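Next, two complexes with subunit A in common: one pairs it with subunit B, the other with subunit C.
Now for the complex of A and B:
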């Protein structure tokens, strides 16, 4: 009687298929879950940032920490990236006898793509990791709870100023990176590729317009939001001890590395669509 | 007055608080004692909104605060300050700036007035003249005292201490006990102290409540702890390994 009532065994192929689907679905569900939490955190920050009363003294401090201290790195990166670009592009242009386009092409790519991307990756590595480590350590040593108990909203005091600072300094550093990158490319072009300054800059204006410049700045703002969201989120969600701080710093660097490139791709598509619809059509 | 009424709190399958009832009267120093992991800290964290109960009510000065949101709790926290087991000083700020932190955020005092208030508060915890030191330059005992000075900066009505003497040497523990008594006397605060240090209970407490398996099993005077009929309480007070709690 008992045997007659027992459920029939699931065929092996169904079990295997279910396990396979589960193996693919689980990481995807985990990704969606994490993305949802990140967006909810961003929502909390936007709500706190809307308040009229902000901690401007902390914003000033963060501007110094995030921005001023990153200027030397942005300059160095700009010089090298600009130089590398000039050398690489020169080889191709030389084959087609189009070395006069060297300046225009280097400047165009630097303004639209390399400048914002280079600064975002630098900020992600330098400021993103630092922010997660700092907030994570504050969390595991009860400093964030202590701040809450002193009737101060930690999102407003610790996170919102970092958003302001990162967005503003992303712009400033991107402009610095672009200018230094183009200057670096022009110097390398002169000394290594025998393309003088006059020839280098003669085509810049025809290939770099205001739209390119503005799209670069919008991109750097989006990267600034991404860096601050990811780094603050992982800092705020560090529990346990030193090992968790290390793990979350690592997560921040990996997520920002991939996230910045993925966001850059999405923005490039959007940018092209907007350019085709509104700018090129005119 | 603080009232916890039928308060329940679980973490997953672990039922920490199982319907606790407790009233804290104005001006008294109440010690909540109990073994580690019985929910002593969990109880006081509900009062400042760091934890939300699963069921039950919390009343503060005749107002129910159980379902307050984060913004409403900001006002509760000005009235109810907490001293953490870990001193939790902001390590990017000096000792003086740590004490000044709540004053800068919640008062309109001038810089000179804030400096004066910081000096007063540091003097109250026997740390006068150490305002320029950074948190990593002072000892653990000093950090605990600075943490207390920061918590009293806004002159709260209630002070919650989470295991203030845990990990402290006997001399430091006595100093901290004396400070808790001093704060109650000089600032007229109502104190709730979470502890399992029976020496502190004997020195400081006006009243003691003991948590065991999610409920208060004793609520009375510290002098009556050793003569109570409750075997669990007697075992905890004597620190004996043998007894009903070992089962």
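Now for the complex of A and C:
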């Protein structure tokens, strides 16, 4: 105590500049901290998922809730998003007289980028917030602790089925979204842009290859892992009461919105590098 | 027969209720403006409530809207350059195409869908928990109209802040697209701006602002509708939030399609 009192006082300029550095560093440190916790949670889930899975009925229920109930929304969104992109690409290509390429380009964009991104944002809004609210409410009412008391691993029972369901269903929904999006784009380009079906589909086969389809599927799998990790993490780390559930749901929505687009950019760069190195060279 | 027609009847009923809420809030907005013109005390009160909502809705969404739109600008450059390399065998027009699609679509749709996720869910949770704890009924009991005192400030704040945010967002996406282009394709910023200005017309910017204006009105109406129709405890609030986010996203996409179509037909 005496030592602390007798310590020479720090000069004002040092403490002020330290506060300045701290003010700039703190958001970044908080971000890194959160990222590390998310990765540790992902590792925990992977460790729990390594042993033999026994709750297949839970997986089936989650598949119904995540997948089957999102199908109408995916179809409706797919038609209109495909139509929007068809109109915009037509406006661009019309200036070059290259409207024959309309079908090829809009199908390629839908397969590579728009389909996975659309389904990921849809699942993030529909499933992410709901999962955080559900798990968070279970946590603040001590149901997760009760589960631990009954020797049931809550990660194995609650989280791993959601991972299975989200990954599988993001694939299924992405394929549905891509097919419906291309069909919607073809209908829109027929009725609005005067590009008939034959012209629309004439260039699809030459511009869409297996590689872009597979890269779209890998992308949607990464988005499925991201959505389930973020929503389950914030649900599991809800403490306090009902307001904290609301705050964590809000956090989930924000982190998913930024995270999906940031991950998409990183994956697009990686995809370009891999394409340039392995596919285009051959 | 009944089971087949049920979803359509439900859809019509919900749409009617939302339209009614929209007309009601426009009418109460007019009433509020009239009251503001009549008395100074009222003007200050309403002004401070609007400003408070603009802070919670607009300022609190700046970070999410700008960081998402920054990534969207970069993604659109990467994707466009891939497509143009394959089709036109040159990347000279990538800035023009990317700027066009950023200004026409992304600058209004991406901020609107992020606001629907953050602000719309927040409004639904707020109004819905007031509904299940019977605070809305209590407001009616002391003759305070819930639409006038809960929906109208959020309606004004969401519209104003979405228009402002989308105009900032278009510039941010333009800047990040410019940075990625000069790094990836070696097109200098001057060249980028020249090519982009060759493609963008003033109408594109007006349409973008109009879209943001429309989406900013839709988000609080849908959110408040699902908030007012919340039933049954905390799970009911969670379900209402999910519904509000999903349906406002869908309505944004559908209306965006029709506005884009109308723009191509009339301009």
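As a convention for this text, the second predicted complex is superposed on the first by the 265 of 282 C-alpha atoms of A that agree within 3 Å, B and C clash if a C-alpha of one lies under 4 Å from a C-alpha of the other, contacts with A are read in each partner's own complex, and residues count from 1 in each chain.
Rule of thumb we're sticking to: contacts are C-beta pairs under 8 Å (C-beta built on N, C-alpha and C of every residue); 3 or more make two chains touch, one makes a residue touch a chain.
In this text the structure is predicted, and so the values were computed from the model without any measurement.
In the three-chain model built by superposing on subunit A, subunit B fits alongside subunit C with no clash. Of the two partner chains placed by superposition, only subunit B is touched by A:143; subunit C is not.
When both complexes are overlaid on chain A, the residue A:246 reaches subunit C alone and has no touch with subunit B. In the superposed model, A:92 lies in contact with subunit C only, and not with subunit B.
Considering which of subunit B and subunit C touches more of subunit A, the answer is C. By the touch criterion stated above, A:151 is placed in contact with subunit B alone, subunit C being left untouched.
Taken over all C-alpha pairs, subunit B and subunit C come no nearer than 9 Å in the superposed arrangement.
Subunit C contributes residues 64, 67-68, 71-72, 74-75, 78-79, 82-83, 86-88, 97, 100-101, 104-105, 113-114, 116-118, 121-122, 125, 129, 234-235, 238-239, 241-242, 245-246, 249-250, 253-254, 256-257, 260-261, 264 to its touches with subunit A in the complex. Only residues 73, 76-77, 80-81, 83-84, 87-88, 91-92, 96, 98, 101, 104-105, 108-109, 112-113, 121-122, 124-126, 129-130, 133-134, 137, 192, 207, 242, 245-246, 249-250, 253-254, 256-258, 261-262, 264-265, 268-269, 272, 275 of subunit A touch subunit C when the two sit together in their complex.
Interface residues of subunit B facing subunit A in the complex, by the touch rule stated above, are 48-50, 70, 74-75, 77-78, 81-82, 84-86, 88-91, 101-102, 105-106, 147, 150-151, 154. Listed in rising order, the residues of subunit A touching subunit B in the complex are 138, 141-143, 145-153.
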